[in-house]
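These notes open a run of structures that come right after.
Note that chain A is present in both complexes that follow, paired respectively with chain B and with chain C.
Showing the complex of A and B:
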């Protein structure tokens, strides 16, 4: 419907639907979670798994059977799952159920912090450089090319060992976790930058951006009010899809022995170190942390896919 | 039909979504697992099928007449004898495959580094003696010695030895090597046992193949001390020409000389049976040097035409789980310090030979004398540890308390477990009272327990100790684990009066041997001239008067026992020393250790003298060989 038809408008107020018809604005769709669950059953399953894991991690101090996941001698060493120790015990008599619950806190905390930092930083850099263009965009682009060329785990290891000692202890992130977050975020940032840069280049050529320029809007205002909001959907999708990778990266680094401090419960760390020596004698040591890790990653993956399809179906198959 | 309506073309052109991929992968994984579960475990089926066959064979055998049996037995005996003769004649050689946790930081035999012994012991002629079994030693670089008087020892060098570049190993080279070691100590404090030579006033080359040690006091252990690799002969010419300058050493008369180290082990610096051919991030390899001298007379460990093994290959494998997998797969020949909980995994593996060895492990918790100068503070720390719980948690197959010297030196160890238990007493209330009463020049608000990250067993032990200390004393504890080289550097940093840690953890107490010298096992860890000085700020020059005074007392006692050559009298003195250390909670504290230790050997390794693997001496055992070489 063309704008010319507005000439026929009366003074009477229009309903939303009528206005939509009148001005060509698509009608607002109320989000129906049940409808979404029916349409995206795998996404719903993923969300359910995420909720279960998150609740387990958040309420670990209430759900655990022993208060301290580091405490040793809580039971006989390498005792299989039992009524006292639901997931069995490790070589030093630590309760595996308690460690899996608390390990989820570390894995989710580091995963979320990593992706937030990596995604926000990548988006901001993309917004600033792609919108500005010119030499800045070129230099940053090449720099990102160089970073992407370095194997991600290697980059994380280098950062971990080089800046690890210099970072401070934060209230929510002890130094060793902070180092991990920076190290892992460093290889998420370039990827996010690449995707976001493309979007900024596309958005800055839109008519509403040109219109904003015409009326004299400053660059910062255009970026903040007109471009950034249109990037939000993609950013959410990138976040949801990067999260499982971040959790796996934390597990990988912990598995390599450069993760969280020794003894700290973490799914990755609990699958490495001494534990690996006892996988045959105590297979539950591998099964339960591994299962928790797999469920979480699977949940985030399928939920991220559904989110992408819901928020922007055009991206299907692209990210 | 239009071309684009072809089903297969549409299927190919259909984009594979991420979700489809995930679902497909999940189904594939589940299917694979089901197939594996269904088809695996064929062994049981085979066993089941084999059993009737075996029974049938046994029945047939039983049916055979007696004459046939006798003939069969005769034939079997003949075959056995032939096999034995064949094994005797078999080529003795092969590549011994070992592992270590990380790279070495240097190969100079006079400078202590971890992870380098497999190279040093094979490339150097280990002077002067070699100890094939505990408390017994044979001659290696020397052919004999004579104690001329209580303070003079004369060594006779093995004739015909030469360095890898052909230079002769003579008295001049031996005297140079000894002198360089003592000067390195003065310059860089290379973290080893100074007590092995502090009693030597003068070391001189008497003639081409004789050197003489002149001492300032008698020493009962000198011949065994010289079995340590620190005293290895190094080629003076190569050290001077290719060594790295460590500093300028000033003699008592004011003269100076440059002192070099040989951390890269340049060609020609050693005189041992092997030469290093590879040293990189993957490991090391040494190969037999064809011009190695004949070792006569042959004895336990040395053979005239040895060494038999062609090469030593040491892989760097940081992760113990991978080491075990490699050993079980037959890719490694030795797997040390097996946890009793792992033993079932080794049962029934054809090529694995698990041996129970004496448990002489060491586990320490050293205290910074700069902070814990008041005896009550050290006592409080020790009373905050629940030793029974430590043993129950860590040593599942049994643990024991450990005295300042190893109980493997049975002749000198008179302290029983019952007597030790009077010092190893958990008493949190008394601990807290002692802590409150203790004097601290430097306030201790947090207790940091500091250890190496390489061994997860150690980190678990340390965390157990930390929790106990925190609970008993009400003082916050933190743990820090770093790589072994960083750990060693920070442990031995003597540039300040206080350390950047409070308690230093080292040794897991799993397995270990003894040189037979009380100082090595383990008095050096308490010695104010040894680790007391190097690591724990417990020494005679300490700015804390009570630590300095205690150190003087202990040095006197240590000197007295070392000078005593009568074993019975020395045992009494050693008992006094140990009681004094325990009474005064001096410097260091031995934590409970394992009561048993197990080593895994590949069955192809022959004549390996299991006990020697506890204390490095296996590395000079030239009679070892590999069956399938």
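Showing the complex of A and C:
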């Protein structure tokens, strides 16, 4: 009798508290943003900075004091910060505040586009090749070795001189920005690929994959339903950690004069070329675009770090 | 071990073969070499001139013949001639510029390792103290400040505040006057080193903290070793492996950053040569310089891998 009743007891679903006692499963915690803020103060600061920069970029047409960042002669040339021109004017009388706001749009647009393309492509290639293995895996692996051996900025320079000359203008993306996206994405791809390949090799040997194989699931189904969802967390972390690097890359390339089209408001481009000869006469020209860039990158860096620690502390030191 | 070294040494030329092939295909064999030929060197769309140009540079031949020729010459140390006016051999130009870039690169890596390791060790030994928090915040800020902006500030701010610039505007080579040369090169190296030192410091800190709580460190303390001895010969040595990997990887980033630093500080190095080639669409020059950059990177990676065995005798290949 007693045996029978105990069997019934195990059949009934356990309450969460009982499960916690029985199997040592910690009770589910609801995510509390205030607790997270207290545990990760730097991450919260990063998030706040990201929100400020994103709002600035998204609402640039409403926040700017002059409608067109390219328009010249809006005020006296090389005038310091004032009530009319919050961040001063450059030597053509363009308004620096307006340009910094619109520069954020380019930075975020190129940054997000490149990182998304780079990580998605890297993940897909890793998934397909590592899962199939064999010659394809070997060839792609060596190709990635080759791409990684060319320092990122130099790879971008090569792509700018070669592929860049043949690309068309797209409606949303002028040719120069299209080149930038391809160049920057192509150096996030190999890194993502390497990390993700390791992950796929690990996941491929899991018991649930074996179980899926036993019940006759096709390769594609295993990849899509059993392996890919487990890579999502890592992908989010990689994306958030690559984003500041992508934003810096855009600024660096624009600074070198191989980035956005001349005249486009971009933090990197606004610090480069002949403008540099005016920095001593007008230090605000050097300070504001650079500060905007540094704050953005700082925000994404600390937020990415704490996101990694929150989502998967094991990755610390690996990414 | 010997087998491993031999295998790695054989891999170097194979890597370079693959890299040069991909770069050559990207730069030379694009749809219509006429675009290449007509890119400002031949004059306006004069078909005769384009033809002569293609004839002269052998661009009308099939790609394998072009690449084969280039490779055969490159192996013998001839990387072709520049397209831009002096039309001098690319190899000569690279030899002239390479020492400056290597100097900046080495100095950067050395400075970054010194700063990074010092800060990281301090941070780890005095963990969770005020010093630790300050150093960690500085490290994150250091990663976030764009190196070209930092370089601009280094050049601009002293000039505004004290009408003085730390940077001599005339280039002096190391062989002419080593001290004057170092006084110039130290600035780009410092600005480049900041970001990588910050990365190193963070890694040294985490990897030392991991070791701090291991059993053999407790044993070392228990047997009465001095704290200094525990930190340097037990904790520090065991936390070096990930750090060496990182420093090796950073070398790649430094090589990329060198382009920017050379442009800002006006140093006649390989990076500014590459950029000049890119802006002038001087394909042989770009191909040559980037191949040399890649070769440097491959050799450094090899050296780092071999260095592991010295630092950690447990690693055997």
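Here is the rule we use: the second predicted complex is superposed on the first by the 291 of 319 C-alpha atoms of A that agree within 3 Å, B and C clash if a C-alpha of one lies under 4 Å from a C-alpha of the other, contacts with A are read in each partner's own complex, and residues count from 1 in each chain.
Everything below uses one rule, namely that a residue touches a chain if its C-beta (ideal position, glycine included) is under 8 Å from a C-beta of that chain, and two chains touch if they have at least 3 such contacts.
Predicted, not measured: the structure shown is a model, and the values here were computed from it.
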Next on the checklist: Touch test for A:248: chain B only (first), chain C only (second), both, or neither?
Outcome noted: second
Next on the checklist: By the touch definition at the top of the document, which applies to A:89: first (chain B), second (chain C), both, or neither?
Outcome noted: neither
Next on the checklist: Between chain B and chain C, whom does A:301 touch in the aligned arrangement: first, second, both, or neither?
Outcome noted: both
Next on the checklist: After the superposition on A, what does A:162 contact: first (chain B), second (chain C), both or neither?
Outcome noted: second
Checklist entry - Which holds for A:279: it touches chain B only (first), chain C only (second), both, or neither? => result both
Checklist entry - Between chain B (first) and chain C (second), which does A:263 come into contact with in this model arrangement: first, second, both, or neither? => result first
Checklist entry - Is A:71 contacted by the first partner chain B, the second partner chain C, both or neither? => result first
Checklist entry - So, does A:119 touch the first partner chain B, the second partner chain C, both, or neither? => result neither
Next on the checklist: Tell me which touches more residues of chain A here: chain C or chain B.
Outcome noted: C
Checklist entry - Thinking of the overlay built on chain A, is A:149 touched by chain B (first), by chain C (second), by both, or by neither? => result second
Checklist outcome for this item: chain A residues where the chain B and chain C footprints coincide 42, 257, 276, 279-280, 298, 301-302, 305, 316-317
Item to check | chain A residues touching chain B - in the complex, by the definition given at the top | outcome: 42, 68, 70-73, 77-78, 91-93, 257, 261-263, 272-281, 298, 301-302, 305-306, 316-317
Checklist entry - In their complex, what parts of chain C are in touch with chain A? => result 15, 18-19, 22-23, 26-27, 30-31, 35, 39, 140-141, 143-146, 148-149, 152-153, 155-157, 159-160, 203, 206-207, 242, 252-253, 255-257, 259-260, 263, 274-275, 277-279, 281, 283, 286, 290, 293-294, 297-298, 301
Checklist entry - In the complex of these two chains, what residues of chain B are touching chain A? => result 15, 17-19, 22-23, 26, 318-322, 324, 339, 341-342, 344-345, 389, 392-394, 396, 453, 456-457, 459-460, 463-464, 467, 479, 481
Checklist outcome for this item: Counting only contacts in the complex, chain A reaches chain C at residues 42, 142-143, 145-146, 148-154, 157-163, 165-166, 244, 248, 251-252, 255-258, 268, 271, 276, 279-280, 283, 286, 290, 293-294, 297-298, 301-302, 305, 316-317
